[in-house]
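Which chain is which? They are A, B, C and D, in the order written, and residues in each are numbered from 1.
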Amino acid sequence: MRFASDNSGPVHPKVMEALAIANEGWALPYGNDDLTRRAADRVRDVFEAPEAAVLFVATGTGANALLLATLTRPYETVFCTPEAHIHQDECSAPEFFTGGAKLTLVESRDAMMEPDALARDIEVLKSGGVHSPQPGSVSITSVSERGTVYPLERIRAIAQVARTHGLPLHLDGARFANACAALGCTPAEMTWKAGVDAVSFGGTKNGLMGVEACVIFDTAKAREFELRRKRGGHLFSKNRFLAAQMDAYLTDDLWLTTARAANDVGQRLARALKQTPGVSFLHEPQANMLFPRFSRAAHRRLHEAGAKYYLWEGTLDGDDDAILPARLVCDWSCPAENIRHFVELVRG
Amino acid sequence: MRFASDNSGPVHPKVMEALAIANEGWALPYGNDDLTRRAADRVRDVFEAPEAAVLFVATGTGANALLLATLTRPYETVFCTPEAHIHQDECSAPEFFTGGAKLTLVESRDAMMEPDALARDIEVLKSGGVHSPQPGSVSITSVSERGTVYPLERIRAIAQVARTHGLPLHLDGARFANACAALGCTPAEMTWKAGVDAVSFGGTKNGLMGVEACVIFDTAKAREFELRRKRGGHLFSKNRFLAAQMDAYLTDDLWLTTARAANDVGQRLARALKQTPGVSFLHEPQANMLFPRFSRAAHRRLHEAGAKYYLWEGTLDGDDDAILPARLVCDWSCPAENIRHFVELVRG
Amino acid sequence: MRFASDNSGPVHPKVMEALAIANEGWALPYGNDDLTRRAADRVRDVFEAPEAAVLFVATGTGANALLLATLTRPYETVFCTPEAHIHQDECSAPEFFTGGAKLTLVESRDAMMEPDALARDIEVLKSGGVHSPQPGSVSITSVSERGTVYPLERIRAIAQVARTHGLPLHLDGARFANACAALGCTPAEMTWKAGVDAVSFGGTKNGLMGVEACVIFDTAKAREFELRRKRGGHLFSKNRFLAAQMDAYLTDDLWLTTARAANDVGQRLARALKQTPGVSFLHEPQANMLFPRFSRAAHRRLHEAGAKYYLWEGTLDGDDDAILPARLVCDWSCPAENIRHFVELVRG
Amino acid sequence: MRFASDNSGPVHPKVMEALAIANEGWALPYGNDDLTRRAADRVRDVFEAPEAAVLFVATGTGANALLLATLTRPYETVFCTPEAHIHQDECSAPEFFTGGAKLTLVESRDAMMEPDALARDIEVLKSGGVHSPQPGSVSITSVSERGTVYPLERIRAIAQVARTHGLPLHLDGARFANACAALGCTPAEMTWKAGVDAVSFGGTKNGLMGVEACVIFDTAKAREFELRRKRGGHLFSKNRFLAAQMDAYLTDDLWLTTARAANDVGQRLARALKQTPGVSFLHEPQANMLFPRFSRAAHRRLHEAGAKYYLWEGTLDGDDDAILPARLVCDWSCPAENIRHFVELVRG
């Protein structure tokens, strides 16, 4: 019962095969190889963006921080939600890579940014002249950090506000595939067609060993990104091994297959928990991440049975009846019997 | 009727005299002169801190940013209030000088930090391991950005929380003299005796041309501050002209005289407004800064009569009866008739 | 006999008068005052550059670092000489303000950059792709750090190389007035007419209390400079006191009068030393800074007589006959008898 | 004939096997897994440093920049050679990660730092007070960027100078294994026993897919390094796949086996070229990197035959007889017949 994170499961066998094949022979380093070109072309195809800049890095924090640094000047601010991974979970990587830009926290509901609140916050900063951090860029995450998925119209509304003020829109797509699968939309619909300017298209949480594709629709920014990537230590000499993973990921829709599998486990678990007396949810689970609330007694049973997940608030010590939230994340490899077992233990 | 800011009034005549005297003859540059030594000694005397490091800079933003950079590592966070000048009004200077540290906004009431909220926020970050920005330092402002003055026990309570977690406490003292005058306490009582580790002791808003003394009670940090000051372009070659101002400021308690004068104007204005029908206050005015609320019609009358102050919310256009807040700041040179005139115009 | 630096002499009386006048009455802060506008207009007039952005700061290090940060991205490099003040004497302020740009040292002769060496070094970096720091900007100093003055044709040749590669040219003009006076040229001829894109027009070493005008001929960069100035803590709330100094400086050619006086002392001292047996020069003195070499015995006599200057190499301890260089800098207030006295002591 | 770089060859089969094994099952992310612990213990064993902090990153630039940022404050300088990879080939990553520290170039011979020159340069900066960048750390590379290997006594001499001034010594060990193999010494002898404080122990150029172990002998710095690694985006969620590579690398001395193979090819190629008329060397090749000089005609023959390597100076266009240097790097997988073929083509 491994629900701690979707980054703790195995690499998909087809990705391992691709790495083995990439290892045959010799290749020019630093991305000047055919496999890197092919994988980048595949990303462009999947995004229906033949002109986009596509560059690979190995970590989500690297991808986000490099993209934001390319889109935001040091005296500007990135608008994001209070729950944003870039704000809470990257040890201030965006502040580091941007050279000291601020992150301004915009009101959110279920970890999704409110377009009206964004508009208000931009206006406030604009009124402050040189004394205020300047509006710089907007960053959202879908699947959000609370398991919700931005409807396309919400992305469009945020993009509309951003565009009005000349701000680029960044999408943290650590779970991009899960969001696409949940909405049943195309990558293009979720990004440039909705007004997104740059996206980190994540693979690590969805069956890769460690690759995120940074996709920048405004190619005028590509060179700056490349220089920042090198300078950040994120340009791999043996770049072909990142490319091989991404190439396999986009072959025969593997990325969608694994995302659908993870979402399917998540949704089945959600349904089973909803039918369990005494269980409620902090947020409506829309993909592969759940925040159910249930009794401490149930948490204790799960813990003793070896279930792995984060207790979102509180500790195992205390009153049996107290209701405490959990964070559960399902990955593509999660077996169905894990769900049954987990729910039985919640029921007691 | 000039209530826009206490940085818009004149330099005190005694300070101008001191500059003229400092200009006689020749002095070693970069603070290696007798006047710099004397002025620093005077600051140490006033703070009853014979060992403290005392260094001069010309701007409040420079003082705050350099002190915070000396107290906070790039991967750490500065805890401050949402209203903090360092957060709202310095174009992210702290983020710049620290090398990308975050500012974490702690709940406040009347722009003063709540010690319990600080304790909670520190605990939250500590639980995040390497993923979270690390607790680094705490910064408060007194007189606060909303005209309130921290009681000594509140400073002590905040210092207690900070100390428990090993965090240094910084005091933005842009209006330090006004706070001291309002409380009737000594500089030592408001700083190191209460647990403050470093303070920017402001002069610019209180009759100087442009000097803030950075006082660091932990002298082990002095050298780092000096290097950061140079590197930040804040070491003056003709440092004696900063020292001369500070020397005059501390001679015959000029700093208290001007602060009391400013507070006195502020308090008289507050009393007169409180007796005016239809006037209320956003925050209780405790020194020389007021946030009264009154009708748009009154704002229009004041504007037409040439009164200078910030309309804190809204604009002059619209319904006569709407109630809008103002920010009024009084400086030491404000004549008494300004108050009468202002209040008459509010009354209509 | 005060030859330690031109930043150790007094402020010119006319500047002190201007400060007193500026202190009458009240002014909007942060440069939104009439005096700031007038002084900036004067700078534009003197530079024959009606469109230029003109912004004041109080220190030379601040001026240089802010201009370079505005002209150079973090992944780029500033080409300068090994002797450059920005390289040797600013505790890496340019690296700090640019967010970590490198300084690349270009071959120089008498502390003046060789245009051919610049061209070569740019080519080398261009060949390195993303691995190399990217060519970003070029910075020269005139009067140079060794007392030489760039002929206009040399500035033009350097600007030509810079322009060929799309690099802006920055002039550190800490002693701009002395260079202008030495060449007998106009500020326009020494800057934009020769291809300079931005200059720090120094006043602090030439009779002001502490003001440098940052002049940017490409006004598209002005807003970024303003934001960086605020964020660097270099925007003065009482900006009128910087403006007043600059205004006096440009009234009735005071800046040229003081620069000519300093150069005149320097040149008379140079002539007298050249006629002194046993004295030679490290560099040909062309303005107000000299690097004469003479015996340690003479250095000892000067030291005992209280002469203030830097021993450029070596110490006073050792063999009498050893020849050691000195750095002497003359300011506008240096009395003629100082020269005679100094030269007599060198002669012994 | 692939001599472009040792980062262009394949991953060793045993490393690929280790990755496959690591993929079985599930592991806690971010290095909280058994394999990470085991691999770090192995590094400590190999270095005979049971207390050392050992942390993995995926790129050499990341390893160097993170180590230097942990050892050097922003107002300090890193002493290195003009040929240093950190200076020439990392797009100023050290300047970025340190927050704007300078790199000071120390005289070298055959790309190896001269201890006396280091001592002189430290003294010069120390004499500059707050105006100079402060001495911060020393960084050397072995195998050096020109194929030479620091004798242990040279490392000790440099460490002695560094220690005298309280500066930590960093070793860029991108080709650490090749240097160890060339000297026939132990890792401990080449590092902490010689006075090295931190080393990037490289694997990527020696048969791994992409792993460098950062080894810090002063464990008081470990936590700072960890935070900087996270903040730099260099902490892998699936860290076990870095650990697996390093674990295989240190099993049965694979790291030495591959390094010896690469050195052996390099030395055989060097011997063959030395016996070839008209061939000389820029530097004495001591490991797996060579800088032979021979005629442009020979370069053309090699180029037409498809040999891959860097022409170190000049181009293929021009006079046949001109002598031009090449950079050749041999990796562990280089077949012997490549050498014969290459030398025949040089001979013509």
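Quick notes
Criterion: contacts are C-beta pairs under 8 Å (C-beta built on N, C-alpha and C of every residue); 3 or more make two chains touch, one makes a residue touch a chain.
If you want to know which protein each chain is, UniProt gives these names: A, B, C, D = L-threonine aldolase.
Computed from a predicted model, the values in this text were never measured in an experiment.
Counting only chains that touch, the fewest steps needed to get from subunit A (L-threonine aldolase) to subunit C (L-threonine aldolase) is 1.
Centroid analysis (C-alpha atoms only) places B farthest from subunit D (L-threonine aldolase). Same-residue interface: subunit B (L-threonine aldolase) and subunit C (L-threonine aldolase) share over half of the residue numbers found at their contact.
The centroid of the Cα atoms in subunit A (L-threonine aldolase) and the matching centroid in subunit B (L-threonine aldolase) are 41 Å apart.
Between subunit B (L-threonine aldolase) and subunit C (L-threonine aldolase), the centres computed from C-alpha atoms are 34 Å apart.
One simple way to say how far apart two chains are is to compare their mean CA positions; for subunit B (L-threonine aldolase) and subunit D (L-threonine aldolase) this gives 51 Å.
Shown for subunit C (L-threonine aldolase) are the residues in touch with two or more other chains, namely 74-75, 90-92, 96, 99-100, 130-131, 134, 227, 230-231, 235.
Every residue of subunit A (L-threonine aldolase) that touches subunit B (L-threonine aldolase) in the complex is listed here, in rising order: 74-75, 77, 88-92, 95-96, 98-103, 105, 128, 130-134. Taken in their complex, subunit C (L-threonine aldolase) has these residues touching subunit A (L-threonine aldolase): 30, 73-75, 99-100, 130-131, 134, 224, 226-231, 235. In the complex of the two chains, the subunit A (L-threonine aldolase) residues touching subunit D (L-threonine aldolase) come out as 2, 4-5, 7-11, 16, 19-20, 23-29, 57-63, 65-66, 90-93, 96-97, 204-205, 209-210, 227, 230-238, 241, 308.
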